[in-house]
Amino acid sequence: MAPGSLVHVGEVKTKAPTISLFEYDAQTLSERTLPAKEASTLAMPTKGKLWLNVHGLHDAELVKQLGETFKLHPLTMEDILNTTQRPKIDSYDDYLFIVTRFFYYDDKRMAINSEQISLVLGKNFVLSFQERATGSFEPIRERLRSDRGHIRGLGIDYMAYALLDMVVDRYFEVLEKMGEDCENLEEVLLRKSNAKLLKNIHQLKRSSMELRRAVWPLREVINTLVRNDDKAFTDNTVLYLRDVYDHIVHFIESLESIRDMLGGMMDIYLSSISNRVNMEVRALTVVTMLFMPATLISGIFGMNFDVMPWLKHPNGFWFALGLMGCIATVMTLIFWRRQWLSRS
Amino acid sequence: MAPGSLVHVGEVKTKAPTISLFEYDAQTLSERTLPAKEASTLAMPTKGKLWLNVHGLHDAELVKQLGETFKLHPLTMEDILNTTQRPKIDSYDDYLFIVTRFFYYDDKRMAINSEQISLVLGKNFVLSFQERATGSFEPIRERLRSDRGHIRGLGIDYMAYALLDMVVDRYFEVLEKMGEDCENLEEVLLRKSNAKLLKNIHQLKRSSMELRRAVWPLREVINTLVRNDDKAFTDNTVLYLRDVYDHIVHFIESLESIRDMLGGMMDIYLSSISNRVNMEVRALTVVTMLFMPATLISGIFGMNFDVMPWLKHPNGFWFALGLMGCIATVMTLIFWRRQWLSRS
Amino acid sequence: MAPGSLVHVGEVKTKAPTISLFEYDAQTLSERTLPAKEASTLAMPTKGKLWLNVHGLHDAELVKQLGETFKLHPLTMEDILNTTQRPKIDSYDDYLFIVTRFFYYDDKRMAINSEQISLVLGKNFVLSFQERATGSFEPIRERLRSDRGHIRGLGIDYMAYALLDMVVDRYFEVLEKMGEDCENLEEVLLRKSNAKLLKNIHQLKRSSMELRRAVWPLREVINTLVRNDDKAFTDNTVLYLRDVYDHIVHFIESLESIRDMLGGMMDIYLSSISNRVNMEVRALTVVTMLFMPATLISGIFGMNFDVMPWLKHPNGFWFALGLMGCIATVMTLIFWRRQWLSRS
Amino acid sequence: MAPGSLVHVGEVKTKAPTISLFEYDAQTLSERTLPAKEASTLAMPTKGKLWLNVHGLHDAELVKQLGETFKLHPLTMEDILNTTQRPKIDSYDDYLFIVTRFFYYDDKRMAINSEQISLVLGKNFVLSFQERATGSFEPIRERLRSDRGHIRGLGIDYMAYALLDMVVDRYFEVLEKMGEDCENLEEVLLRKSNAKLLKNIHQLKRSSMELRRAVWPLREVINTLVRNDDKAFTDNTVLYLRDVYDHIVHFIESLESIRDMLGGMMDIYLSSISNRVNMEVRALTVVTMLFMPATLISGIFGMNFDVMPWLKHPNGFWFALGLMGCIATVMTLIFWRRQWLSRS
Amino acid sequence: MAPGSLVHVGEVKTKAPTISLFEYDAQTLSERTLPAKEASTLAMPTKGKLWLNVHGLHDAELVKQLGETFKLHPLTMEDILNTTQRPKIDSYDDYLFIVTRFFYYDDKRMAINSEQISLVLGKNFVLSFQERATGSFEPIRERLRSDRGHIRGLGIDYMAYALLDMVVDRYFEVLEKMGEDCENLEEVLLRKSNAKLLKNIHQLKRSSMELRRAVWPLREVINTLVRNDDKAFTDNTVLYLRDVYDHIVHFIESLESIRDMLGGMMDIYLSSISNRVNMEVRALTVVTMLFMPATLISGIFGMNFDVMPWLKHPNGFWFALGLMGCIATVMTLIFWRRQWLSRS
């Protein structure tokens, strides 16, 4: 495939792409929802600010049309459609292109799912592209409608920040759920270890590593935004981006905690197996030591010599049993002193 | 939640926030303690220096009021109230904002607790915010009252240094207690290893990693202060900050020692389990080897053949027992030479 | 061997080197295929653009002749012929020399084979040298012939990009096959581990490390191209090179995932061995515990004492068997409660 | 404790501090030894060069007096008295302050002891402070007295270099002893591993890590001196400092070798335990396999059936014994072929 | 020992040092070999180029004399004589001083030996110092004599490059031999692991780490030469040095491959021990399970009850044997189904 070919690469196909459109300035706000086929009616805004969210990416034609309207580079369009990108920031002459990801935690498989969120920050517009449900950005829509925090009066760069902030906030939900699963697993492990737990530990480990690999480049992206070499953000918005950066670093550290925890669980699991072998060898040894001498004694008195002591004695049988009992008692006392009969 | 919303995030709720206030210059000192509701009577100091310590952060309104009085950025107020921050330094136009943490070591759980300390260093004022008891800064209050080291005559930046120095000094107490627990654990481990020790080793390991993750960013914070790009500190105070930096680096290295020690203990624990399996398999082998030949001999002389040697002999029984004894003695000698009867 | 000696170092010898030649500009295109002996008829192009691909490198004389025609440094010629180079970029006065590698995945041995691709990017020509089949660059030939994406109108630097892009795209094929093998292996491992799997895991691990070592320097090469200090590429081509760079970073991260997976499989393998020892020791213990008491009882009633209880009783035999049965039942119940009879 | 309080922190208390004083220039040399109480008679030298060595640091008053005479910053005095510092270099207006450490290797405990050496390099004086015996710098005193290498004619910075060089040279003695202990340990380990060796390996590991942590910052210190940003050293002395730097790097690498060796010994130890379990399980298996069939045969011929073969035969007993012997021989042959009777 | 003392530190003492001398320019060449005592007749060349190779370093006086003739710094002379240096480059006013090492692989001990090669590159002379046989540089002497590649016409810096290139080329011989040993070891390991192999793996690991530690600083040295801050090399020679740099990086990566391989072998070794324990425990379990029931049956029919079934029956004995056989067969079938009788 030649570079620049516009084909959707990714798993999620929604029924029909939807365009949600906010045109606003400090005073006014107009909200619209368009089907994909009306995308051709859109134009670059001449005044005010525009936030356009596309939900559903399998329609390459739509992205192409929007790309032409908002003068996007072919590579940008390709990256929007190829939803297996890692987080990155590309700076073009007229706009910043930011790729980031939403994460979802699948409780059953203890696995991480993700969805690519592409942002285009132009002079006076922000485009956001997502594959799945539009609900994710609903709180921002609410803030626009109610103008909470005077968001309409702030620049279009603040809108880009708000979207990024929303993405990063979502990460902590994933972290919380993973942390819970982790603690449950540890509790079960301390009670009774089995091979299935090992699989779970590894699954969580893999998920945490996947998350880590996805967040590190995002950290770089935000760091680039904070450095603000392109002057795409106002000084005030940079302060807020710095805040997002702090959140990501905090997130990475919490993730490290989870990985430490999983590493410790692995050690506990392995040593619990060794411990169990230990317990069983000990049980075997104890039983063997208790019964072998008695068996030998019974064998000795079962020999067919003509002359043997005790055999004729009326209580000889009980003498022999008593001898067996004595030896067993002495053995038990020795085990007791060596603490071989305790459970650990 | 929109960015900039002022809500307390954290676990510790004191009954009522208290404001403790020191206004001083080289000659004079006035000390006051205010309840939260009188915060509105405060004003930015026009001459002299001001140190204001807030103890108790669940009253967001109080922080908001102080923020307005001392012209703090909304993000600063949010960070003060969100007490799960990692150490950081944010430089604003009119002030430096420093987040750091006090650590407490919980002996019983071998765990680390912590409390956020936020500092705001303005032109002629320092604000400090803490969630728990005010006692931590008492020695500084004493120094102010007695003017030891002429602290009143030094700039407000020295006051900020004094608070940071107090925070870092506290770290060494935690380190000392962890080191003690570590050595106790090692002593117990060398006497007798059991699964509970493993849990303790892991708990200490996790605590040391948590501490490490908290101190590394603080190291960066102090390093930033020492570089003093904002010229917020006088040259003299920078010398003292360099001293704090040395302390932190020293702390980190001591922490590494503890982690090495814990790593070594883990190895010792694992090899002690293997060693025990070894000992028990050996015990089993020794017992089996001693009794099996004897049991076989008793079985042989228990066979019902018409013609068998020794059976008719008056001392045949003792011959057989003697044979058993001989074999056992030879076996014991072999074990002795192979050092299988020693304890290690 | 003196530096600069032109001798082919490498394993692959094709029958006869072939030269494939494209001379083109925005309007025209001429394609030719020459045998090695006609290389002397070639000349540096005076107008238009030239892409010359050499397939087969064992004929040092051919490379020398081309080197003289296109004014290559002796070291460049040496590097082209020594096909065990790692990826690198060397900047000479008149051209850029880029060494990169194609990778092939050998399914049977789970091993990586590779072939060196050398590129020379001059003012208006690109030379490419490969040891094996020319098929690899066929799609680019197609694009040239059909002028898809107006490739003929773009600069010669875009042609160099197109070749590099083709090389990197190939990497993902290798990755995909390795990932598949990896997942198959894991599935087998979870069903039944054996020593052969260990060998496979290690082979895959080694292949992934080999791949990693080969791709890291290529990443550096592309990064150098993106920085474009030599101004060898137009701004537009740099955008495309940045895309290649993203692909490589993505590739490296996917490779890390595979390595994590292999690391996890190693752990699972090792713990499965321990688990099996565990199971077998337990089986041994259970059997010993069930039979030893019964054997002792049979021994006791086999003793030759004159006076022994039950011996004369008509049902004595069944009493003894019953006693054996009772003890075995009690033992089984104990094992049952300790869950020693389950399979994990 | 307020910063700047002058209290001795450290373990070593000599009886009485001694001051040893060298005043010299290219032509003259005067050597004096003063008790601590005469420190007040000292003055900053106006001409010539001064080397003052203080041995014994528990007398804070003495350090204070010297500090005033030579115009040291309070923090410098504090650092001199607190002998638990890590190596560092602090640059003040009038002097350089260097903290470094002597190391001693305690053969019995395989542990590292250390002593802080503080150096102050002023315009025309060098002060050195040490806690223990003065003998360490004796060779330098000798060189001063005999003016070997024209040391008196060289600048005071060369004297500072000479002291640092002496400190670093001492490190190699420690390294040599550790290396010897390491090799002895390995030799013992290969002959016979036991749990005490594990403790020794860990003790050496810990010592080597302690040493490493102490030498890395010293490396930084010397590196700073070699960069010579303060111009405190002449170009010629910098050449010599570069030599010291090379020594430290060499030292660090040799230390790494020792750590590799210790890591390898740990592996050998662990696998030797596994090997021993292996040997013993094999011994148990061999013995069980040899005796079990024989015991069964004896049991069979001990059964009380009326009709049994061989029982009446005069050589039946020997037939049975022969059968036992045959089976044992066959078993032994099988073990022989599987190499189970060899020692590894 | 005072710094600058000229004493030979090293193990190799050749009988008598030899000086081999090449004086040449583009047209002429004069070759001489001098004994050490005639060193005083040498003088700095006034025209043409000089390459002087000293073989044998125990004669400190010779080095001192050469040092005076060619105006070497005392530290340079010290470094030449102390042949335990790590690779480094020191830049003096009049010359560059380069320390590098030849490596030899000792097949028997699987260990690395090395020899220090010191180079001094002056305006128009190169001095090379080696401890052992002069043969190593013979190919360069040949090239000088035959003027292959017009080496005589190139600058003295090219001669320094030629010597360095020769040193680095030698490294690959060591690598090749190590790689062979490594592969042989792996082959043996897969057939049969034993404790001696572990020692060999560790020895190779240690050798590879030693090599790595020696090559990394050399990489830095060559990198410094390539950067050519001193302008000691012509642009053309720098191209050749870049080639040497590529070789070293390639060498380091191949070394990493060997280390990966050794790491994998370690894992295989350890799991092979576990596997063997597994096999033996299984053998023990199988035998015990086969014989214990039969032994119990023989014991039961050996009891002395008056009334017992089968005893009077003429085929009772065979019934009992049949019962034993049946149980053993059933057991064997169970083992068969659980695949306990296979070899892995």
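Per-chain numbering from 1; labels A, B, C, D and E assigned in written order.
Definition applied: a residue touches a chain if its C-beta (ideal position, glycine included) is under 8 Å from a C-beta of that chain, and two chains touch if they have at least 3 such contacts.
As the structure is a computational prediction, the values presented were derived from the model and not from experiment.
The set of chains touching chain B and also touching chain C is given as A. With each centre defined as the average position of its C-alpha atoms, the distance from chain A to chain E rounds to 43 Å. In whole angstrom, the spacing between the mean C-alpha positions of chain A and chain C is 26. Chain contacts: chain D has residues 274, 277, 281, 284, 288, 295, 299, 302-304, 308 touching two or more partner chains. Shown here, the protein chains touch around one cycle, each chain meeting exactly two partners.
Ring order of the chains (start chain A, then chain C) is A, C, E, D, B. Remark: chain A residues 2-4, 73, 75, 78-79, 84-86, 88, 90, 92, 194-196, 198-199, 202, 205-206, 209-210, 213, 217, 266, 269-270, 273-274, 276-277, 280-281, 283-284, 287-288, 291, 294-295, 298-299, 301-304, 308, 310-317, 320-321 touch chain C in the complex.
Remark: chain B residues 143, 148-149, 162, 165, 190, 239-240, 242-243, 246, 249-250, 253, 256-257, 260-261, 264, 267-268, 271-272, 274-275, 277-278, 281-282, 284-285, 288-289, 292-293, 295-296, 299-300, 302-309, 344 touch chain D in the complex.
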